[in-house]
Each structure stands twice: as C-alpha cells, then as structure tokens.
Amino acid sequence: MREFKTQRRIEFADTDLGGIVHFSRYFVFMETAEHQFLDSLGTSVHLVEGDRTIGWPRVKVSCEYAGPARYGDTLDIKVRVLRRGTSSVTYGIEFEIDGRQVARGESTSVRCELGPSMKAIPIPDELARKMEEG
Amino acid sequence: MREFKTQRRIEFADTDLGGIVHFSRYFVFMETAEHQFLDSLGTSVHLVEGDRTIGWPRVKVSCEYAGPARYGDTLDIKVRVLRRGTSSVTYGIEFEIDGRQVARGESTSVRCELGPSMKAIPIPDELARKMEEG
Amino acid sequence: MREFKTQRRIEFADTDLGGIVHFSRYFVFMETAEHQFLDSLGTSVHLVEGDRTIGWPRVKVSCEYAGPARYGDTLDIKVRVLRRGTSSVTYGIEFEIDGRQVARGESTSVRCELGPSMKAIPIPDELARKMEEG
Amino acid sequence: MREFKTQRRIEFADTDLGGIVHFSRYFVFMETAEHQFLDSLGTSVHLVEGDRTIGWPRVKVSCEYAGPARYGDTLDIKVRVLRRGTSSVTYGIEFEIDGRQVARGESTSVRCELGPSMKAIPIPDELARKMEEG
C-alpha cells in the first residue's frame, strides 16, 4: 500500500499545562496529514462536482500515546492505507521525533455524497488504484 | 445599555505550557458569551429566514490581558453593548476571577445577509431596542 | 461501576466547514467530562501533594461517530468506568442528543507521578472504591 | 524595522460552520509567525537560562478582518516590529491570499522573567538591534 510522509512543527498553542502537546491535537495532525495524502493523489477531501458535494466523514478514530512531544519539536508523520473497502478507507498514522515513536493512530473514513442525508458512494477505481500503489 | 452575565470554567485544553489559559481562547469565550447574549434577546447568531441566512461576521476584535487564568478557575463574564450602529454592534466583554479582572475585550460584528457576497443589513428596531434596554 | 452524567452545549468554535462539530472536539469533551467525574469523587486530574505532582496521562483514546452534532445542540454525556487496573482506568463516554447517540468513546489513563520521568503509581484504595460504587 | 515573511496553509480544523477560518485562529497564526520571527533572530519565545525562565507574555492583541480565508488557501504572513520599548515589542502582522489582504493584527508582548510573580526585564541590546535591522 502507498505510504505518504510529511512533517509538522509543534506550535505553542498545541501544548497544555503539562508542558506537552495536548492529546486531542494529534487528531488534527492526523486529519491534515490525510488531506495532504489525498492532495498528493490528485483529489481532495472536499470536492464539488456539479451539484454534488463529496466528502469523507470519519466513522472511527483512535490514538495510542508512547511519549511526549514538546513545543518546537518536529513530528515526522507517516500515513499508510491499512485497509480499503468499497467506500471506506482506514489509515494508519505514525508520529516520530528523531526516530522515537511518540504516537500512533488509526482513522476510518467513508466516501459520501454530503447533504441533508449522507450517502456512502464507491471510491472510484482510479483513486482506489492510486491508494494501493507502492 | 443592557448587560449580560455568564460564567465559564477553565478546561485543561484551554491551557498552554505556560500553565495558564492560552490567549487565543479568550476570543472563543467572548464569542460564546455574545451568542448567549443574543439567545437571551430571543434571536441567534445564525438565522435562516426563508431563503436568507443572516449572520454576524466579526470585523474587529481586541483583548487586553491583566493576569493569568488557570485550570479549574471560574471566569465571571460580563457582556455589554458599547456602541450600536445601523448594522453593527460593538460589545465590551470583561473577564473576572473572584473579583479580580484577568482580561477585557472588545468585538465588533455587522449584521449581514450571508452568501457568495455578504451584504450588511440593518439591525431590526425591536432587536436594537432590546440591546439598549437597561 | 459508577456512572457520571453531565451536559455541554455546542459552541460555534466547535464546528467546521461541514456544518457539524469537528471530530477532534469530542476528545476535549471527553477529557472535561472525565475531569468533572474525578472532581465529583473529591479528587482532581492534577494534584500537588508536598513535592509530588500527580496526574493521569492518557495512553489510548478512541471514538466512534454515529451522527452529527450541530451548533446549539446540547450533548448529554455519560461517563462510566469500564475497567480498572492497579494504576489505570478506562472510561467509556457516550454522547447523546435528545436520546439519539451521536458518538461513543473510550479513554485509558494511568495514574502517574509527573516529572522528568513519569512513574505509574497505584490508585489509592479509597478512590478505587469510589470509582466502583454504583 | 525588520520584516519577516512566512506562509501557512489553512487546515480543515481551522474552519467553522460559516465555511471560513474561525476568527480566533488568526491569533494562533500570529503567535506562531512571531515565534518563527524570534527563531530567525537566534532566540526563542521560551528560554531557560540557568535557573531563570524567560518568556514573552502577551498584554494586548487585536485583529481586523477584511475578507474570508477558506480551507486549502495559503496565507502569506508578514511580521513587522511596529514599536519597541525597553521591555516590550509590538508586532504588526498582515495576512494575504494571492495579494488580497484578509486580516491585519497587532500584538504587544513584554519580555519577562517567568515564575510565581512575573517581572518585566529589558530586551538585550543585541536582540533589540536585530529587531530593528532592515
């Protein structure tokens, strides 16, 4: 499966009174890394096609924390496609600082036509293929 | 001018590595207090009337900081209408802990019809009157 | 096991361009509900005892999303102790709006003596007993 | 006075239900740009020198909004030293998208020795000189 790498520097506003990155911020870091991954495949997390708006609502996320990240640290972030279904994709996201893993998350999204009621729609073949290329 | 009071307890996620509330959070506190004030007048910051959507985009905000607020503190928040124009309103918001002022902000919003282009619209007389009642 | 209930109103700043609460905000909602639960048991998530500082670093969190929450909605939040170890506790947190479940999370924390190196320490008997009372 | 330029891409979590960047996020953008400016001068917003911790608590901030920024936009950010006192500095920060100004802020910080009571301390000559170089 395809792997995508990005980086992110910890900002002051990411921290809490414990002196480390607030655990909820990793979910923002995950989301942005996933979006950069989709961008790198030539698509976007938010597409308007004619009168349809297509998005990727999240159905499940998790994160395990192995160690702290601090103000000024640079996170090396690795996004991988762990599983792909007809409409859904599960990403695994790893966060490292200088080769030391600080957190590891998973996130499952479903490709949907957005609107008053959301409807799951298939991932197009071309995008599915790109997600799986090595 | 009318005065509105509310309270808010500082959450862990409001703090930063300095051990105190991150300065940007006061703008969220201000906004929520303003919205509660509008609710108390029987209106809302986001109204759908037929095919119009009416909102209050912010044009200017400021905040002065007099002292720290910490995890678990309860903020006493006072919202006042400082100035009112045809379409705009400027609020003054004061934040106190146990009678000690920790911050003081101002925020100016304009009543607008939202859409591709935003158009300022007058504050209805009845709402204007309510904003000014003692 | 003990159950704790609280409520929270969705703020404007909790939402994203999808018009619904950003998924990462549920982790802040969970954390604050857990802290309110600890407060209700007569302890705190951040204790200074002599020269020791005791906290509850999080080691794993997850959340499943069943439906959207929107600006102005009131979340009914239920915290339950799902599992308790010598030093760790896993909470289950349910989020409902008018009886409809919108999200369900789990969160595992370890009681630690904070400092340059963090050391897991046992949950005191009295606190453990309170956590389990019906 | 010295001028510093940086960029930042708008993330999904920066937006609100209005479909645009939440106004409070500009204060995080300002802060991070200021910190990058301090880094570029060879110092930091958070310095530990022996047993002293030196920081730059903010005393006043403001922002004016001229137009919306949206998910995926790239902000061109310009930081300038507007005024400098013995211990304080006021930055002007401009935010543009493709040459169109979307927001403009000011922020005043005071160099302080942090601790139970905060004490203003002079900006060292060398740093002051660097702040003013063209």
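For clarity, chains are labelled A, B, C and D in written order, and residue numbers in each chain start from 1.
As a convention for this text, a contact is a pair of C-beta atoms (placed from the backbone, for glycine too) under 8 Å apart; a residue touches a chain by one contact, two chains touch by 3 or more.
Because the structure is a prediction, the values reported are computed rather than measured.
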| item | value |
| --- | --- |
| Shared chain contacts [subunit C and subunit D, defined touch] | A, B |
| B-D or B-C - the one linked by more C-beta pairs in contact | B-D |
| Most remote chain, CA-based centroid, reference being subunit D | C |
| Geometric centre distance via CA averages, subunit D-subunit B, whole Å | 23 |
| Whole-Å gap between the CA centroids of subunit A and subunit B | 33 |
| Length of the line joining the C-alpha centres of subunit B and subunit C, rounded to whole Å | 28 |
| Touching two or more other chains - residue numbers and ranges from subunit B | 12-13, 17-18, 24, 28, 31, 46, 71 |
| Subunit C partner contacts - residues on subunit B that touch it in the complex | 11-13, 28, 31-32, 35, 44-46, 71-72 |
| Sites on subunit C touched by subunit D in the complex | 12-13, 15-20, 22, 24, 70-71 |
| Touching residues (chain side subunit C, partner subunit A) in the complex | 17-18, 23-25, 27-28, 31, 46, 55, 57-65, 114 |
